[in-house]
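Naming follows writing order (A, B, C and D), and every chain is counted from residue 1.
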Amino acid sequence: MTLTSQQVRQLLDQAVASATQMELQVCVAVVDSGANPLGFLRMDEAFLGSSDVAQRKARTAVLFRCPTDAFGKVIEQEKLLGMSGSNQGLCAFGGGLPILHNGQLLGGIGISGATAEQDQQIAAAALATLFQRQ
Amino acid sequence: MTLTSQQVRQLLDQAVASATQMELQVCVAVVDSGANPLGFLRMDEAFLGSSDVAQRKARTAVLFRCPTDAFGKVIEQEKLLGMSGSNQGLCAFGGGLPILHNGQLLGGIGISGATAEQDQQIAAAALATLFQRQ
Amino acid sequence: MTLTSQQVRQLLDQAVASATQMELQVCVAVVDSGANPLGFLRMDEAFLGSSDVAQRKARTAVLFRCPTDAFGKVIEQEKLLGMSGSNQGLCAFGGGLPILHNGQLLGGIGISGATAEQDQQIAAAALATLFQRQ
Amino acid sequence: MTLTSQQVRQLLDQAVASATQMELQVCVAVVDSGANPLGFLRMDEAFLGSSDVAQRKARTAVLFRCPTDAFGKVIEQEKLLGMSGSNQGLCAFGGGLPILHNGQLLGGIGISGATAEQDQQIAAAALATLFQRQ
């Protein structure tokens, strides 16, 4: 089971809608279960540097099958030196979530542009609507 | 003048619509005038490897302000050895077009997944609708 | 609106003049609003390794539209693990400043070779003269 | 013996002056005898992608102590597959020249933005004035 292109667009649109409602400007990235790019959008006025960060968050959430903020806590507690530089660069703070359905990993979503908490909130809001809409 | 997020989504949607009509599966990438990512979509069943190629085409079209097929002809005629490896990897065959409006470079679009000719046709179809819709 | 080549040379010259007056040897980098290189100079006796750092500072200031020392404080306070490795390598300590004019981001300048405070002082001195000279 | 920062600025200024006279827009890069960056300028309206190419030309001319067009001919004749991708990317067509003085290698200059022949002509014009001015 994989995310369809239609679902990817729903995720992008929903994330943008949430960010707009919160008066924030973010980048949104969606990757598949192989951590390969499926979709991306940069909102008007989002930081230029948030593009790469959003993509790293989405990849990190898939590569280690967990939210990026939880991943960051493990890195810090376990003192995993060098971990965040692995896999061509991870992102170990909030804003990236794995996309799971019935226990199966379908991909990941990463948001960047606001605070880590806000980024994660936008990611969660996008995911919340994913399987309701169908 | 820059492409708005709304215009980027129009480009992505229009490219997907054109590819669908041609019964092709492609990746679509849009970058700004600084060759930085604005939007990306991978259609269902598109080659995994087309993601990077589409992004390279979009970047190449901006970096050298010309269609990627024309750029490829120059490289071949002038024997520009090493050129295609520059700028973190260019793409010197059809499918990438600069986005111009009133003579100003606004960004680039890159399509990958079908033949170079088909990719370019899809890119051109997407661009053709860009400034009509507004 | 973009920085002209003439303005870039003024920035390079002014930064070198300030560093000379302070008896310091630095590298100076200027990038455009897309974080792409516009100009660079390495002063006699500057550290070889400061070239890359100066360029990272200039890019970082544009990518996140803020001075690099302020960016560093956010990374530290928010524990943004992996952030400094994003975007092909950022620099999160003083010496990089965004170049703003009438609220518009025109580019960034990065200085490296002395202390972070001195580097930032040189960057600020160069910027201070930019729009007065015209 | 190394190039002084003053000489680097002369090279940049002279290359820009020559290009201006020829009504061309180019990027100019100067590196030292260790192939490390000394100076760089992008002229108004030069291709964004020429920045990297100019730097590659300057580095290539130093790394193999010869003009980049001569280097390209060797690569082609000897079928040196993979050579142009070595050293983080070389450039094997005209526009890069080693900077020699009394038989000693001081650095390299690379020009990109016009045809390979024009680029090389600009590089040669800049070098011609280097040791006359002192």
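Following the convention adopted for this analysis, contacts are C-beta pairs under 8 Å (C-beta built on N, C-alpha and C of every residue); 3 or more make two chains touch, one makes a residue touch a chain.
This is a predicted model, so every value here is computed, not measured.
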item	value
Rotation in the CA alignment of chain B with chain D, degrees, nearest 5	95
Interface numbering overlap (same over half, different under half) for chain C and chain D	same
Chain whose average C-alpha position is farthest from chain A's own	D
Between chain D and chain B, distance of the C-alpha-averaged centres to the nearest whole Å	30
Centre distance in Å when chain A and chain B are each reduced to the mean of their C-alpha atoms	25
Centre-of-Cα separation between chain D and chain A, whole angstrom	42
Shared-contact residues (touching 2 or more other chains) in chain A	48
Overall pattern in which the protein chains touch one another (line/ring/star/complete/other)	other
Interchain contacts (touch definition) - all pairs	A-B, A-C, B-C, B-D, C-D
Contact set on chain A toward chain C in their complex	47-49, 52-53, 56, 60, 72, 75-76, 84-85, 89-93, 115-116
Touch list for chain A against partner chain B, complex	4-5, 8-9, 16, 34, 36-44, 48, 51
Footprint of chain A on chain C - complex, ascending	34-35, 60, 62-65, 78-83, 85-88, 90
Residue ranges of chain C touching chain B (in the complex, touch as defined)	32-36
